[in-house]
Amino acid sequence: MTQRTGLKIAVIGGGSSYTPEIVEGFIRNYDQMPIRELWLVDIEQGKHKLDIVGNLAKRMVEESGLPIEVHLTLDRRQAIEGADFVSTQMRVGLLEARKKDEHIPITYGVIGQETTGPGGMFKALRTVPIILDICRDIEELAPNAWMLNFTNPAGIVTEAVAKYSRVRSIGLCNSPINVQKFLAAQYEVSEKDVLPEFVGINHLHWVTSCQVKGEEKLPEILSGGMAYTAKNVPTVGWDADFLKSLGGIPTYYLKYFYMTDYMLNEMKEAMEKNGTRADVVSRVEEELFELYKDPNLREKPKQLEQRGGAYYSEAAVNLMNSIYNDRKDIQTLNVANGNIYDFLPADASIEVNCVVTAQGPIALPPRNVPEHVKGLMHAVKVYEQLTIEAAITGDRGIALQALVHHPLVPSIEVAKKLLDEMLEANREYLPNFFRE
Amino acid sequence: MTQRTGLKIAVIGGGSSYTPEIVEGFIRNYDQMPIRELWLVDIEQGKHKLDIVGNLAKRMVEESGLPIEVHLTLDRRQAIEGADFVSTQMRVGLLEARKKDEHIPITYGVIGQETTGPGGMFKALRTVPIILDICRDIEELAPNAWMLNFTNPAGIVTEAVAKYSRVRSIGLCNSPINVQKFLAAQYEVSEKDVLPEFVGINHLHWVTSCQVKGEEKLPEILSGGMAYTAKNVPTVGWDADFLKSLGGIPTYYLKYFYMTDYMLNEMKEAMEKNGTRADVVSRVEEELFELYKDPNLREKPKQLEQRGGAYYSEAAVNLMNSIYNDRKDIQTLNVANGNIYDFLPADASIEVNCVVTAQGPIALPPRNVPEHVKGLMHAVKVYEQLTIEAAITGDRGIALQALVHHPLVPSIEVAKKLLDEMLEANREYLPNFFRE
Amino acid sequence: MTQRTGLKIAVIGGGSSYTPEIVEGFIRNYDQMPIRELWLVDIEQGKHKLDIVGNLAKRMVEESGLPIEVHLTLDRRQAIEGADFVSTQMRVGLLEARKKDEHIPITYGVIGQETTGPGGMFKALRTVPIILDICRDIEELAPNAWMLNFTNPAGIVTEAVAKYSRVRSIGLCNSPINVQKFLAAQYEVSEKDVLPEFVGINHLHWVTSCQVKGEEKLPEILSGGMAYTAKNVPTVGWDADFLKSLGGIPTYYLKYFYMTDYMLNEMKEAMEKNGTRADVVSRVEEELFELYKDPNLREKPKQLEQRGGAYYSEAAVNLMNSIYNDRKDIQTLNVANGNIYDFLPADASIEVNCVVTAQGPIALPPRNVPEHVKGLMHAVKVYEQLTIEAAITGDRGIALQALVHHPLVPSIEVAKKLLDEMLEANREYLPNFFRE
Amino acid sequence: MTQRTGLKIAVIGGGSSYTPEIVEGFIRNYDQMPIRELWLVDIEQGKHKLDIVGNLAKRMVEESGLPIEVHLTLDRRQAIEGADFVSTQMRVGLLEARKKDEHIPITYGVIGQETTGPGGMFKALRTVPIILDICRDIEELAPNAWMLNFTNPAGIVTEAVAKYSRVRSIGLCNSPINVQKFLAAQYEVSEKDVLPEFVGINHLHWVTSCQVKGEEKLPEILSGGMAYTAKNVPTVGWDADFLKSLGGIPTYYLKYFYMTDYMLNEMKEAMEKNGTRADVVSRVEEELFELYKDPNLREKPKQLEQRGGAYYSEAAVNLMNSIYNDRKDIQTLNVANGNIYDFLPADASIEVNCVVTAQGPIALPPRNVPEHVKGLMHAVKVYEQLTIEAAITGDRGIALQALVHHPLVPSIEVAKKLLDEMLEANREYLPNFFRE
């Protein structure tokens, strides 16, 4: 790591509306983590947004008075070359594709969601080949870089990178940091004094222990029927009897599995009113970019916080900071399973507490893994593995198996129809499936 | 084993309509497996049927001219004392309870089936405590006996026995022997020349290899869209694309998982026409017992074959024979997992090919375990484990977790309602759940 | 934990010459870890030494001006009742027994050492039953206490406690903290900036990674032929070629395995000159206790540092501090294996880096476990398991298997002779083996 | 398999003195396993012996009147092309090399043996590259062939083939069949009625169960102090107490580990009298070839039985027969571990009972694996793995680690000297280690 001269950071998908948040994070942490060059890189179709948000980034840095160079580019290789950290936050197919991911499944009575179910599968099928292209560049141009992967479905993408590249990569989600902040607020302690233990995989985790100032508070939390929700998803309560016998706090995304009909109905109703979540996000983003254009704006606008994805950038900056400074603190990350769960392959990505050292994260085996949840974890992991294999090979049979074995897909018949329609709708982004 | 003086065999649930089949099996195999005493034992409510079928058994033996003593009794301990084999084929709650198992779930839009889903769970909750009572007797009165368990859900019951008793027990299902016979017939070879390899657990298996005279025929079978069905379940075809990419022949019971809506509709329609399967069986049994009463009947009547459960007794006699004679042949049985599947606990029951020696079966690790199916296997096994724990403890919370985590139960909400209604309906047979 | 009123700490074997060190540690760390009561407990034979060292302890506390009550007692139960931490540092059979452990094996040409080989085995056989007696008291009188076990062989003793009691216990050795301090000194950084990774079990570990300020320094260290040695063992160099291809720094104790003849000769020569290590320690202790008697001595005397066992008390105080204050720092401890090494049982004790929380240590899976060393680790662990079983049962056959399968015992013949002679020599302390 | 036209069999190392035995086996089993072509292939230096023994083979076949073509050739590729079975029984470096394997270690006070210890290691280093060359030919010219590997050290060689080629290969040793025959003789039953269960790896196994006509006879055997010995090794008794507490019958080769000094002394004495075993074999072989030359000899001479290696050919013919005829009988073979031993890698070769089908052997998990022996098994397997890696890479560091971690090598110092001298002595056959 080039400690003496400051860090080079490349943000793939730098034209994202989130960018001001991560820029703010870099500015705030500059004393611990001096950045020399920040490269925001995007694709041709994203140039317009990259210019707007990139110029805001430049004004923010200028305002801070710090010697950070901000570069805007469409040349990914130039951005990556010699980088210390590469962060990915991209959306292959843009919001148009997300709209299909959310919409098509619902027409078959199946959860239509960005990361869970068939929607998440197609997001993965579009994304994995592109991420691996990026990895080829990193292997060549920045072999010592750490890749921080925010791109959803983060678990699948991280696992694909681990299996098919030599890049040192870590998957990140804002869900765990939200749990931590929520608990710290509830108990009025600092975040350092809260240690929730996460069991599971990305967007499918259970918090099965909760130390607050060293005391186990889980039974108290469960008996109160308390659960955490992220800001960008509707708040719905959990059944109290269920929580108690479960012995863990399920993540919001588990509602898609445990309360499927309810969630499906909510989705349908919301869609009728406001369109899918992609439509909502689309409108929010338009407004944000209008704000970003203002040449007098020299800081992150408050409105960005309503965009969802709270604390994404804090999670990212924390992680870079701990690697850079060998902080050995505990963060919840997506990394390879190793021996942690003896029922999953060693190369499966899991979401787990890690001690973060300069040589990367070391996973901490959870102390309490309820038998109850192993089957569901395993079933979803099988779907994830098949999805990666399908993305790499373009094999329709494997894609069919992935869908059929997803717990949210009700039958072979539905899986076949869904697969055909979604493949066709994503044809442009799935060359592997449409080779001669 | 008391080789010199012949075997003592106890059949728990001896008043079953199946009994003539097993008696026929004993007679046919007498030269290899000489039986001295056959004890048919039943409970007070089954006395009437025990008398009818028991007398038929006596006439059959008489006709054979063999020196087998047939005893009818309501005294289980007398029947068990000193037995070499104890076979269990009982139905706690009789067909009335089965009717509820099949009927109540359907009213919630859930598969209602004797062994799969909530129906199977309640059959297990009723049966496990009784089976363990029987085991206490065997431990005391026939510690060297082998228990052959046919009682459904055979996988769960066998696992419960292994976990909570010292009885040497093996679970048996007629499904694998039917596959074998079906393949032998298709390829016009003897059964010895067919070696299907079973992956999975009871009523949830996939045949992932099929050697016929030493050649692997699975790809041929899968590409023909061929599948086997047992006689007592409706014949429905599998999707050809699905089978091919699956890489295995799924058991009929997997239709409940892979074709849920279709099966549910079939059930509903059949129920409207003929009542549940319990109603049908009830009528068939009445007719059979009418036949059995005929004092001139001295052999198994042909009509029994339409009862379903084909080759059950052949499976049982084969197993006893191989243990008695140390035949070391291959049979498909329900035994403890050991290290076979590294993602399941060592004490989980699995359905697997075994070499049967005088010291019991030794499981043969399947050579080809598709990744696809591991998640579903694991999820159902988790439900099974929770069911056993619920049966032992009478803990409603654990029972709720079992239901919620069953892949066929759609939500916490449905699980709670189902649980309440089915517990109430089975109150008489579930003292563990209704203690003061 | 009784945070408001200060801690109660019981030191079993409080009459040890080490006690002034731990007292000094408590005094130095009082602001972070306020101690209300310190109970030094010993057995009748140790009363004289307890009085001497206990009075020194009282003078040290007085000098510090801190409100710590120091209690001296022969009543173990009183000392344990309500304790927050129980530390054990005892020697069943006193130095006399150690002398035999060291001496008898050498007469058969086998390493005679306090913790490694037959000597360590007999120390374990004497100690395990006593430790489990203590655990019975803790279970009853201080069920929430943490037991810190320094008593050698620490790995075996800790594993026995985990298997046969419900006490929360952690095994501790000063060897890892010495490595850490050595490396920090070599690289002139603070100890926090050094992260050596330990693979193995107590007194049989390899350091297979060495991060200094986040950089991997192991290759550099190995190519320099550098190795660490504890102060209480002779310093001998390792072969440079061997170290390089080994890919790890072996602990000093591994010389008994890798350089057996050399070590045996050293032992013999030293014994001829100075008697066994027990004799040497005996003389050192006599001198120390002479010093301790001095009523003007009000601090730990310098001479204690030459006693060996450097930093034992620092290790202990660190551990208590991190549990008490939920520090979540990394310490190297002896804890249950769990899934860390997939070739060892889950309940095997291993020596491993842990994050120490208020709920105890969480083991960090080592990142680099050389295949080379797995066999030796497994072989010694097998010996350890058999030793525990022998200690519990008093079964000579199991004890024989333990000795025969120890890598340092050359043959069945030697094992049998050694076993007979050592059992006889320890008869007084091994009632399990000499029951009627 | 070319069933209609008979089998083609290639014997690599066909000039061996054992060849008449295997030829006799083929003749005796012709009705079950019709052989069309038998190719005996050897290297240039072996041409003389190949001619002698090959002509005897031809006379034997002629005498039998069977239509088997016997071909003698130095062209390995011609022999392999289209073969159904390839059997390897070769000795790279001939008896001269064996002599060094046996002699050099003894000069350092280490067991000098053909398959165990440093001797076995060097045999492996010489053999692995050659075997893999043969595998390249088989992959190209007979991809469906089964390779039966008798070449010692059979476990290492078989594992190397499995790791570094796609050839279907099985390792064979005559030790298990000797156990079976010995037990059958002792109990006066047929071999089919004996089922010994083997735990371990090649030349390092324990028989931990012994069913005779279905009854467990192990305790009886162990309490009698009975043990089996192969004919080609000195008969020495085991200690009765040791056997009883061990819970298994150790193979003769385990004497090198459990009675090291005794065996070393025996070796030294025998060497002084008769030279090493290589010298003895050399004389026996000379005499045998004298006999073979006799043009009137048309059958296997009795004297061959004194050569050692009893029943090698019976083991080989049994295995081919069961594969060819899909016999599904139980044989003890060296195959990949899979999940059988959870403490060994899946690709480790183990010696284990298998059901032999036309698609190859399926390993039967042993029911009783004593904890005692796991460490030794693991330690020797680690040495084997390192040896394979050393053979492939020619890395001296890895070879040093293999030697140091072999339980029979006492120290780094001895290992280094041994390594240097043995590498030099084998320079001609170890090009990997002597590249520029």
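For the reader, a short list of remarks on this structure follows.
When the chains are written out, they are named A, B, C and D in that same order, and each has its own residue count from 1.
Going forward, contacts are C-beta pairs under 8 Å (C-beta built on N, C-alpha and C of every residue); 3 or more make two chains touch, one makes a residue touch a chain.
For clarity, every value in this text was computed on a predicted model and none was experimentally measured.
Any chain touching subunit A that also touches subunit D appears here: B, C.
Put simply, the chain farthest from subunit C by mean CA position is B.
Chain centres here are Cα averages; for subunit B and subunit D they lie 45 Å apart. In this assembly, the C-alpha centroid of subunit B lies 55 Å from the C-alpha centroid of subunit C.
Contact with two or more other chains is made by residues 342 of subunit C.
If you draw each protein chain as a dot and join the dots that touch, you get one closed loop, with every dot joined to exactly two others.
Under the contact rule defined at the top, the touching pairs of chains are A-B, A-C, B-D, C-D. Subunit A meets subunit C in the complex at residues 1, 193, 195, 209, 211, 213-216, 325-326, 328-330, 338-342, 355, 357-359, 362-365, 367. By the touch criterion stated above, subunit D contacts subunit C in their complex at residues 238-239, 241-242, 244-246, 258-262, 342-344, 371-376, 378-383, 385-386, 395-398, 400-401, 404-405, 407, 410-414, 416.
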